[in-house]
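Chain IDs A, B, C, D and E follow the sequence of writing; residue 1 opens each chain.
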């Protein structure tokens, strides 16, 4: 079998369902692949390692990809894992912020990922609020605790499939304000990236085929697939992941290798308008499709 | 034993902080809740603790050895000192997330990149304290050794090193305290096992109870390690000063 | 312990200053001193006149002192390697036993310690029973004798002794003096002492150092016995000279 | 001056690592590239450096003072020692992300939560090294002081403290090295300014050049701080040992 | 410096052992010693016989030693607070100047240092010019005199001196002895020395400690002059006794 290494974006969690299920159900083996799954602690490392040729494939975020390519990293999206945004602007259900307009003059926490300010700026704009009208605080590691304890009135960068459930478990109701409903072009939250110069397209195509099969299995058998996932490791088998699994399920890319060029073009333009990338690159610089 | 009382003190302190400041449980859970989580996840914690403990041990061992060797080298070559000290100092000022990709690039995703990180943290206090002590040998002893015709290396080994042992011990005490947190930080370089991984995971998933249970395990590990090293250090210090062991 | 021939003498010429930079505050000299090869020379003089400094000039001055001139063997060679020094402070290594302190020189030079000789020396200075004891647990006089044993162990042709018997009682002092005299016979010894009787009994040559310089004192041939009348006469002469010097 | 050569060495080392290992620029950029970025962003870097520097200074000052006070307290009350040492050791085994929410809850997002974090890192080596030295006063001196009828506090102040200064200096040297990284870690607790924030931001935006420029500024800050403290420490050590200052 | 009346004497009764736990290895005793109030008592004896240990018994034994018995004032009170001790090792504080070392006792007790008296004492022991100098930069004999000045500064009714003049030349020794004798007159002094002439000249009472116990030596009334024939006779008597004791 061909050896292949995949660096996840963070520790294993339900976002990685298709990869884990493909591994557990032997779909990689069917494709003649022996996949090593590596879970890092810092989401900014995987694309660097893939670009450096230290991994065959890495999981990253579409917004990050635009920035990385602009900075000259030899990287291209080769597949999609989660095909909708997961990011959301999280507030308290019964808090003072009921709509975007209520954010004026309030504290918003964020955890640096690179594009949060741009997303926030775009979301605030329709309500006539500028970034200067809110106080941005980097809360780094404690997004939901900062919100729940009332130190900030909203946080951006929370994942809708996790943080909402976390708050529910703590007995505090949260509200998600979805970026794609407030002026931000829709994008793929989790994507597969590889170094276009060194990648083995055939291997990647087989990898994506296996995850596609796994995604279908998950959609068809949500409960069995959860059991398979939860059985892989003791620390994954908990209430939060069970809830998150259900919430993530409809967001997995059903066609992982399919590329929506328009999405990438729109987001590149969006980032350029927001001043985060210096030039608008063609989609071919950002993403490719690999076919078997 | 004699650790029970301080432990009780810490728990009381913790509980009263929770009561007095009314801090929410998802930020600082009360001891009782952590204890329940700890007990409920004892198998999980034990499994990850073993991984961390082995990193701690390897890191401490390598860090101590490397620190001692560096301090000896610097003591033997005061010119090198001038060149190497800034490099050492600099190495301590680089944050882990800057080093992480470099370490994984060079050492892979296995145990070694974590141990290298832990080592970098443990290494410095040992080097620094031992070196400070090595260059402080009483000049009269050095003069006497010179008159006796001692060779540089043997003077180092039979005179300067024994005289500097209290300093080394001071450094090792610090190293014992930093070794567990060093291994935890090492696990931030990328790991799927170990208490550091478990903490980051629980933190990312707001499982504060489990996170604090892991912190508690690390804390106990640190205190025990410090106690063991402290005991050894006291013996060696007394020997170096020619003092009797305390009669207890 | 046999001396290797030829044994060199010592020669000092110059001054020592307290401030290494400016050369201000002269501590010693200018003076010129020669110690004849193969003889036992005693140096006496008021406290603080620079006797220890003169001894150290041959082996290396403490930090902060500076010598203008030379302190060499009479062959012109550097003394290091040829001399053994017993400093005024015992300077024992606290982590070692008495015996280990005796052979520390061997250890530092990378030779195999001569256990038998070290033990014999300890025995001779009256510490036979204390060999295994930690050196910090010895009395003041025992530590001084240990330092002497360490110096004798070095087996060097030139030996510098800085008040080597000052912490010993009369009986022990006589015994240990004889041991040293015996073991160092034929070597060049420069011995600083405050005890005129000691100098009178033991010395081949005697020098008095005071603020005006060095004065040699003539030493008659005598029996090296404390009760020899010549020794007693010399003792009173020396005492008088020292009282005058101060 | 005398820092130029070691600095040149470090740059050479860095450049040769880049050449030899062929590490890509987005993981470890070559010095020249970082220098260009550094110069191009000098205003930005200076602005953030001032924030970090003030945290470093306050943290170092408070950490040193608090560390000294704690060490003195522990030395005066050996019983307290037993109770407090484990708490201190424990405080060092808690990772920053566990403390972050607690610190921000209590100290807000201003300067203080960062200073508290930096302080916690600086504090321990000072306490530990000073305390080790304070309990090692030569027993003969203590006996003499007792015979003289010295009071506990005055014996501490006029005898044990001066005798322990070399140990304290050893701790301060470590603290000087840890202060900048302490402030950087403090900024991870939650900040919108400072070099630590800038590093995180550049890391998130894949601007490796800017990140390394910030690291370089921190490194220079660390080396300078260490050199200043070292100079002071050498003087005080020589005074404590009654030795002349080296004549240069 | 005036002594406050009444001055207590000293009384020791018992033994000292080397192993604090098991009480094995007896270093001293069993013996009983009394030092008469207001008198200068010299204690002589072979090196290592336990003289320093006996002195320390009154102020506190080093770690690892254990006393069975009592070492108290003759009033039965504890000696601490009433005694000053000049130990065999000068034990100067290296970061202080000579003058600061003299008044360190005041500092430790929280009194205002008596500059004038400290300076006068330094002057009297012949260190008037060295007051501002760092104490590590003094010669061996100067350090010893400094330690003596520090002890005298304490102005205590009971004073323990452990070989206080051993590193001094004849002239300085006589001068400093007279200073001490003068300043301590009327106080209780227990003075360990190896020099029979010193004991003969200075002591009111003399004790010889050897392995069989304490032996008092009768001291005739004399002029306290070194050349008094009574002193010289006593010196030879003592020397003979010491040679026999060893």
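Note that contacts are C-beta pairs under 8 Å (C-beta built on N, C-alpha and C of every residue); 3 or more make two chains touch, one makes a residue touch a chain.
A quick map from chain label to UniProt name: B, D = Putative hydroxymethylpyrimidine transport system permease protein; C, E = Putative hydroxymethylpyrimidine transport system ATP-binding protein.
Remember, it's a predicted structure, so these values are computed and weren't measured experimentally.
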| item | value |
| --- | --- |
| Each chain counted as touching chain A and chain B at once | D |
| Maximum inter-chain contact count - chain pair | B-D |
| Distance from the mean Cα position of chain D to that of chain C, given in whole angstrom | 49 |
| Averaged-CA centre spacing for the pair chain C and chain A, given as whole angstrom | 83 |
| Where chain A and chain D are represented by their mean Cα positions, the distance between them in whole Å | 37 |
| Chain C, residues touching no fewer than two other chains | 63-64, 89, 137 |
| Two or more partner chains touched - positions in chain B | 27, 97, 101, 105, 139, 200, 203, 241, 243 |
| Chain A, residues touching no fewer than two other chains | 44, 48, 52, 141-142, 145, 149 |
| Complex contact set, residues of chain B against chain C | 139-141, 143-151, 154-155, 158-159, 162-163, 165, 239-243 |
| Touching residues on chain D, where the partner in the complex is chain A | 23-27, 97, 100-101, 104-105, 108-109, 188-192, 197, 200-201, 203-208 |
| Interface residues, chain A side, partner chain D - complex | 44, 47-48, 51-52, 64, 67-68, 70-73, 112-114, 136-142, 145-146, 149, 151, 276 |
| Chain E-facing residues of chain C, complex | 18, 44-48, 50, 52-53, 64, 88-89, 126, 137-142, 145, 162-163, 166-175, 194, 196, 239, 242-243, 245-246 |
| Residues on chain A engaged by chain B in the complex (per definition of touch) | 10-13, 38-42, 44-45, 48-49, 52, 54, 141-142, 144-145, 148-149, 162-163, 166, 169-170, 234-235, 238, 240-241 |
